[in-house]
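We call the chains A, B and C, going by the order they appear; numbering starts again at 1 in every chain.
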Amino acid sequence: MNNNKTRFAACSLMLLMTSVSLTTHAKEWDSIQIATEGVYEPWNRTLPDGSFDGFEPEMAKVLCERMKARCTIVAQDWDGLIPGLKAGKFDVVMDALAISPERRKVIDFSRPYTKAPATFIALQSSAIDLGSGTLQLQGNPERDTPAVEALRERLKGKLIGIVTGTVYSKFIRDQFGQVATIREYKTPPEPLMDLKNGRVDVVFEDLGFLSGELQRGSDSGLVLVGPAINGPIWGEGEAFGIRPGEAALKAKLDAAIDSLIADGTISQLSRKWFKHDFTPPSQ
Amino acid sequence: MSVDIAFVGDTLLQLLRALPTTLLLFAASVAIGTLLALLLVWMRVCEVAVLRHLARSYIFLFRGSPLLIQMFLLYYGLSQFPEVRQSPFWPVLRDPLSCAVIALALCTAGYMAEIFRGGLLAVPPQQIEAARAAGMSGGLLARRIIIPIALRSCLPAYSTEIILMMKATSLASLVTVYEVSGVAQRIIAETYRTLEVFLCAALIYLVLNFLIVRTLAWVEQRLSPRQPVTASPTTKKYALSVRRG
Amino acid sequence: MIDLIGFGAKGWGSVLLMAALMTVLVTLAALLVGAVLGALVAAAKLHPSGLLRALGDGYTTVFRGIPELLVIYLFFYGGSALVSSVGGLFGAEGFISMPAFLVGALAVGVVSGAYQAEVYRGAFQAVSRSELEAAKAIGMPLMLRFRRIVAPQILRFALPGIGGVWQITLKDSALISVTGLVELMRASRVAAASTGQFVLFFMTGCALYLVLTGISNLVFSRAELRVGRTFRRS
């Protein structure tokens, strides 16, 4: 392996790779690349042969039929979804992405296809009592703080596990950062793992993910605790993330989602995968 | 490209607050790793074949696999077993920081053991023969001849390893330890402002790196005052060849 | 439980093996990128010009001093701005897709280049001065001198160092999992998360890495023996 030859080979290889990937996107959107995590069961999960299923991939299949587009799904770690979208590696992010003002600053969203509440999960044996029922929060710190006062009391000195960079992590850090210890993880299965082995006392995630976990591991001794928190705090709901300015893509996605909600497909899929109906309220 | 001074200042402050954690990870893992490595290298050159092979396997395992997978195995893998959770080790393994320190120490011990062995091999056999001929044996031989020469020989490679450990502490962020890289990544994930945050974090690491390199160069000079000292120890050829897994 | 890592319907075996292949490919690509960069930086560090030397020193100091994780974050998160502006230069409309493979290879390659620069520099300095002088004396032109004397000796002296850099790069490739590339680390994590069997899949991933390093060791030892064949032990 001669140094000169190596250099030449390297240069030509790089040129080849760059030129091969210089593709601009079809404006007609008949071929769409969707990115998801693949480890956020039951929203999306990876099968042993590398393909995906779950609420979102199944919904995407129907959606793409309605849109008359050919969709491919690729996997991406959570914290790389939005950067990858902006870098043009894929066209759509599909990973229970909640619409939030911070995210709106950098990307655009389709209309929401679900609106899931979030709640806590803990080990049954730990006998944590955080109350029950539902809690509507506005996303406004002054209004919300008194509403979660009771929760704050009960979570004093506890260890809370969350995933970084979610709308939930900001909420937990803002409201409970002073009274409890927060542990931040990079992928959703990790805080659950640490919950089961006793490293954290309680995990906060969306109800879809948590009920999926309860369905799968019926003997793990986990139980939902605390109120189901919903309301404008999580934005309008979960939607597809798209690059700013892609009006044609947004229109296509919105129309397809509208039709899926109208004919009850979303409701049916939601009940199949989450055992709850997360259809967003009509806008 | 406008620079938001307020944001940069705030980011730097947040990162600096995580600095003690990084330093703690670094110091603890280097200290424990060095002690463990001394034990390992003793096993490696010992007459008992079982101990020798144990040491060789350990070194092969920890130098041949990525630190990341070792850390995950230790943090998530071990905690899967109820026996571990009930053992007296659990309070240590339960805490992410101490778990990360153990993972870092175990990994670096493998590399350091090879470095120490390289130092031992560099002791000229003639000197040992001469010392034996003069009547030195056992502890005295080790203390006056072997250890000083070995130490001086392996210092460049050991310095390289220490610098690599400083960088390795960044992996602790992947098991929920709030050290500098972890906080940096969190800020990026929430504000999407990569470049400013990256520059702040990079600056901190470069300053740390500089301080460590200078300290090690000073130590090198103290130990061998007659030889000219280079501030970049990795130019020594065998420093790199010793790192081969 | 063994059927989980097997090749049956529920088995993740084929995914893991493909991912191991991907690990090797991305490490190779990163090494090539690093070879190009390393050669350039080594040349800069050996140049009489003070500015070039300073630039070379800056490169090696920065990329050997910053954690690889941060470099990968930079290339990965910050890639969009760069890619768009470069694309704009070429007149491409909209967004240019850059494969995850390329991002990972570049990020790790840039770091590997810093280490390789040191290896090449040391190797160049070890080239026999007397042989070069003799070649100049008999009138060998520059390119011929490079081809017959400098290059073979650099290869010979750099090979152990490059072997070390290959091992380091192979393990750094595990960090590329953050960019979504399905290499061995990510495959192990996904399989572990999907099945809940963390120990099984991390140990399998670990074992596969050990196989890769073991094979690399053999290959480099053989290569060193072959290349060092004709050299006198001076």
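Please note the rule applied: a contact is a pair of C-beta atoms (placed from the backbone, for glycine too) under 8 Å apart; a residue touches a chain by one contact, two chains touch by 3 or more.
Computed from a predicted structure; not experimentally measured.
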Graph class of chain-chain contacts, one of line, ring, star, complete, other: complete
Chain pair with the higher count of C-beta pairs in contact (A-B, B-C): B-C
Whole-Å gap between the CA centroids of subunit A and subunit C: 34
Distance from subunit C to subunit B - Cα centre to Cα centre, in angstrom: 22
Between subunit B and subunit A, distance of the C-alpha-averaged centres to the nearest whole Å: 37
Contacts with two or more other chains, residues of subunit A listed in rising order: 79, 83, 190, 193
Touching two or more other chains - residue numbers and ranges from subunit C: 77, 189, 192, 198
Of all residues in subunit B, the ones touching two or more other chains: 76, 80, 185, 192, 194
Complex contacts: residues of subunit C adjacent to subunit A: 9-12, 14-15, 29, 32-33, 35-36, 39, 76-77, 79-80, 83-84, 87, 90, 92-100, 102-103, 147, 151, 154-155, 177-180, 182, 186, 189-194, 196, 198
Subunit A residues within the subunit C interface of the complex: 1-4, 6-7, 9-11, 13-14, 17-18, 21-25, 35, 38-39, 41, 45-50, 74-77, 79-80, 83-84, 86-89, 187, 189-190, 193, 217, 243
Residue ranges of subunit B in contact with subunit C within the complex: 60-61, 63-70, 72-73, 76-78, 80-81, 163, 167-171, 173, 181, 184-185, 188, 192, 194-195, 198, 201-202, 205-206, 209-210, 232, 234-235, 237, 240-245
Subunit B residues touching subunit A - in the complex, by the definition given at the top: 76, 79-80, 85, 94, 96, 174, 176, 178, 182, 185-186, 189-192, 194
Residues of subunit A touching subunit B in the complex: 79, 82-83, 102, 105-106, 164-165, 170, 183-186, 190, 193-194, 197-199
